[in-house]
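The two complexes that follow have chain A in common; it is paired with chain B in the first and with chain C in the second.
Presenting the complex of A and B:
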């Protein structure tokens, strides 16, 4: 009986998980085998939706774009870690900067999308105006592919850096002060201390941030939806394609098949990431 | 305490009897598209009046955002909680009608009452030979232009385009004279080019909806005019990616001198950019060689899953009554779908304001305006339209020639049209 007590405490959370996560996931797996539109009867098509995926150019393009966005992850990590290291020590100066860097995270994404569309505007936008000051040609931030993907990466970096900075700050807070102080007594400079002491001790946090930010990049939706709403679907991401198929064309069977592939890819990618980070 | 008991029981009894009376009423759930909170007072008094004259009916009004209307409706159908009466855009009708989600309304209302509507507006509500909706508020297009920006370009009223060819020439001439953009018009995302083609007498699709027709030499030539404008820098780069809402944003921020839009948006300019509003004038919408004009309609549909279709249709007819539609038009600056309502002085007498001029210009086209793009009646309308838009985008970005892009899109259309029809 005593052994069962922890499980009893876990039971409410497990019930919620089963009801709101596992059950819908199971349903998605089931729907992926159907021709299902929510209107009228559904039809069992077996692997038909997956065969359709293999022959669908838009699926491959959007899948490639989703993975292309993962390239922003190392940049986010470097920027977020740098910010965390900057604001870590100086409590008086650091606090307002923490708030400033975190501000993009709490700004509603729809407003972010509108503001960045103005910044990226190709004839009247601020970015191209700044480029023109250095006699550089305008960049087609909103119309030319794959430049549109770079635009999304810029917004992701702007929005994500503050969030991951906070995660790094939490990681830095648990590093024993004595270890860093000992390295200083031994004559290590700031850079040596950061590279040889702080970053190795931050490995669990680095793994966490890498896995979370890269899977978030693969699942990118809102930024794409608000910043390049008019771009061809092949220039968008897999989750946007999923949304289009399921909720704009009501093809839930096909949308579910995309979701299943996305789920399996994300699991595999996250597992590979964790193994890779842990092996180093 | 005991003295209060009879009064307490009496009050409780009264409360219970009221509740049971409430429960006996037939509830009609009525969904509208993004009309709350702006028009709350109109709907509250409308519903109050109806419930007053129909004690057995209770109207439950639910307003949903326009952008997610079809998703919300779909979710409600899937979960078995669909409304009884729903406000839809004419563009959404085909996909819901094809899925048998909408009741045939001609069996629910008296046939002779249908004569009160503009025939073209009623036509929008017909899908596959069935009447699946009734037209509610309508909109048409006018040309809105900034007189000051035109003056600075050495241009005046005589330079305001009357045809689509003149509109192309205007965009070119204005930029050459000022270095600024004369016009913002969506040609890629939410493209208006199908309206232009139809008005020029080039249909997008055949009458049986089995074959795309926009890849012919005339349509290639007409679309190429706009693609060339874009490629040569006479249109803003975002003209191919920004949504329809960007039209009025570009005008009210003073980026462009002219836009083709609904008179309904004049109010937005007045509120957001009063200085630009003071310099604004209105002209009739440019047309193609056939002079045909586009009509946009909001409609009311009874859901086929409704338990009270008769009652829902009866309430719909009350909402669509000429008196109520005129009152609604005065709130929204849209047009009523009832012919008789248009003779109200509100739509005919110019009181000297720009709003009334815009209203009258728009109203004058209403009896002849129609839904030009026949493929809006195809269940895969959004998919077809998206393919066309992406073809125009590819041509504008120089990825392929206009002819090649349209030929590819037509091939994709034909694959869908033939699959659905055979």
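Presenting the complex of A and C:
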């Protein structure tokens, strides 16, 4: 009886985990080999969906856009780390700033999309107005490609900076004070100390932020869906394409093939990022 | 001097972080002519509260709100209960297969929901849960990361406390609920906030599952607003402000636990 206790405690969680995470993970590989519409019967087509993918221009375009979005990751990291270092340096003053920087993070993405769609509006938007103050021509934030991808990057930076700042602060908190103080005594300035002591010690956190932020870019959906709904599919992202194929065209088999690519990408990205940061 | 530069830099960054919200609120309070004024006005001439009543009456806003609350509460209760039960077992019991179960949990953390959304929906269809709130809640009733967080929290509790309680002959369920669970309160709170923010703001999954308007959550309802009132952005803005208020309140009220949760999430 007593031996059963841990199993009983685990049972509900494992049941949900198996049914709604592990089993679907297997299903996705199986579905990707089927010609499977949401309504009709399915038939086995082997690599058919993947052959179709290779010859599908929209697939390559959306894949390219998702990759393009990853380029914002280094920018986010620099901004977030700078904010974290500044906020940490002035602890008392930093406190309220931490709060403000975090507001975009907790805001639901649909609301973020609503906010930025209006800021990017081309005739009357705030951003083009600000540009006009510097005598710059208006930018077609919502219609010109690849400007639309830059718009999405701006939103990602705006929303992500505060989050990764907090992650960096968590990483900075475990660096022993003595290490930094010792370098101070050796006569190093703040900047020197930051570059030579603090940042190298922060490597695990840097890796973590790199992985989380770049895989988030690869999985981008809601921002694109709400900010540039009218753009052609080729200008959107991989997950938007997956959504379109599976839930607007009801082609579950083909959508699953896209999902398999997405999964392999997130794994490869995590692996490559970790290796990259370790070798440095 | 240096300090002044730091404060100036931080203030500029804060203006960028907050500016878009100010612009949203300003838009939500504008009259119809002023909406298209160029140059744009930041402070509306006469505050038009009618956008708020307008959007409240134009779409079933209360229904959306109610549905979102149900989804969030359901997900919260399931997650807190099941994750803490499982985390407790993994942290405090020796049993056959423990390492394997832990591996399954780690695998669960690694699976992005965007990847499995098609089979999730296929399964929800088979269970006759499509277009229901239960269909939104159940697939995310247990978050593998939550199990992990709770396991860490239980592992940090000193053994003596548990031993003292077992000497008194307490049943395992009581030990979990009365003795151990209260000691994990900070982690529990962090998990609750994370689940709340994540579920409240979730869009892709409810968008896939929910088809009829009376079942929409707030986020799906809002995205519908964008399409329906694309020529009346004041309504859309007012709706967005209304939908943002609950998250803001929870965040301000439970900020302390929030930072702790990020620590937990970031050091995994």
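FYI, the second predicted complex is superposed on the first by the 260 of 280 C-alpha atoms of A that agree within 3 Å, B and C clash if a C-alpha of one lies under 4 Å from a C-alpha of the other, contacts with A are read in each partner's own complex, and residues count from 1 in each chain.
Simple rule for what comes next: contacts are C-beta pairs under 8 Å (C-beta built on N, C-alpha and C of every residue); 3 or more make two chains touch, one makes a residue touch a chain.
Keep in mind the model is a prediction, meaning the values are calculated, not measured.
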Chain A as common anchor, with chain B and chain C clashing or fitting: clash
Which superposed partner A:140 touches (first chain B, second chain C, both, neither): first
Partner chain in contact with A:44 - chain B first, chain C second, else both or neither: neither
Report for A:122: first if it touches chain B alone, second if chain C alone, otherwise both or neither. first
Considering only touches as defined above, state whether A:271 meets chain B (first), chain C (second), both or neither. neither
Which partner reaches more residues of chain A, chain B or chain C? C
Of the two partner chains, chain B (first) and chain C (second), which one does A:229 touch, if any: first, second, both, or neither? both
Partner chain(s) touched by A:171 [first = chain B, second = chain C, both, neither]: second
Contacts of A:250 with chain B and chain C, given as first, second, both or neither: first
Between chain B (first) and chain C (second), which does A:31 come into contact with in this model arrangement: first, second, both, or neither? second
Could you name the one stretch of chain C listed in 171-179, 189-197, 207-215 or 243-251 that collides with chain B in the superposition? 207-215
Dual-contact residues of chain A (chain B, chain C) 38, 117, 123-124, 229, 247
If we count contacts the way the header does, which residues on chain A are in touch with chain B in the complex? 37-40, 117, 121-124, 140, 142-144, 228-233, 247-250
Would you mind writing out the residues of chain B in touch with chain A in their complex? 70-71, 74, 77-78, 95, 99-101, 181, 188-190, 236-238, 240-243, 255, 382-383, 386, 389-390, 393-394, 397
Touching residues of chain A toward chain C in the complex: what are they? 3, 5-7, 9-10, 12-14, 16-25, 27-28, 31, 38, 83, 86-87, 89-90, 93-94, 97, 99-104, 106-111, 113-119, 123-126, 129, 158, 161-163, 166-167, 170-171, 173-174, 205, 208, 215, 219, 221-222, 225-226, 229, 239, 242-243, 246-247, 252, 255-256, 259, 262-263, 266-267
Report the residues of chain C in contact with chain A in the complex, numbered from low to high. 3, 6-7, 9-10, 13-14, 16-18, 20-21, 23-24, 27, 35-40, 78, 81-83, 85-86, 88-90, 93, 95, 98, 101, 104-105, 107-108, 110-112, 114-123, 125, 138-142, 144, 147, 172, 176, 197, 200-201, 203-204, 208, 218-219, 222-223, 226-227, 233, 236-237, 240, 243-244, 247-248, 251, 255, 258-259, 262-263, 265-267
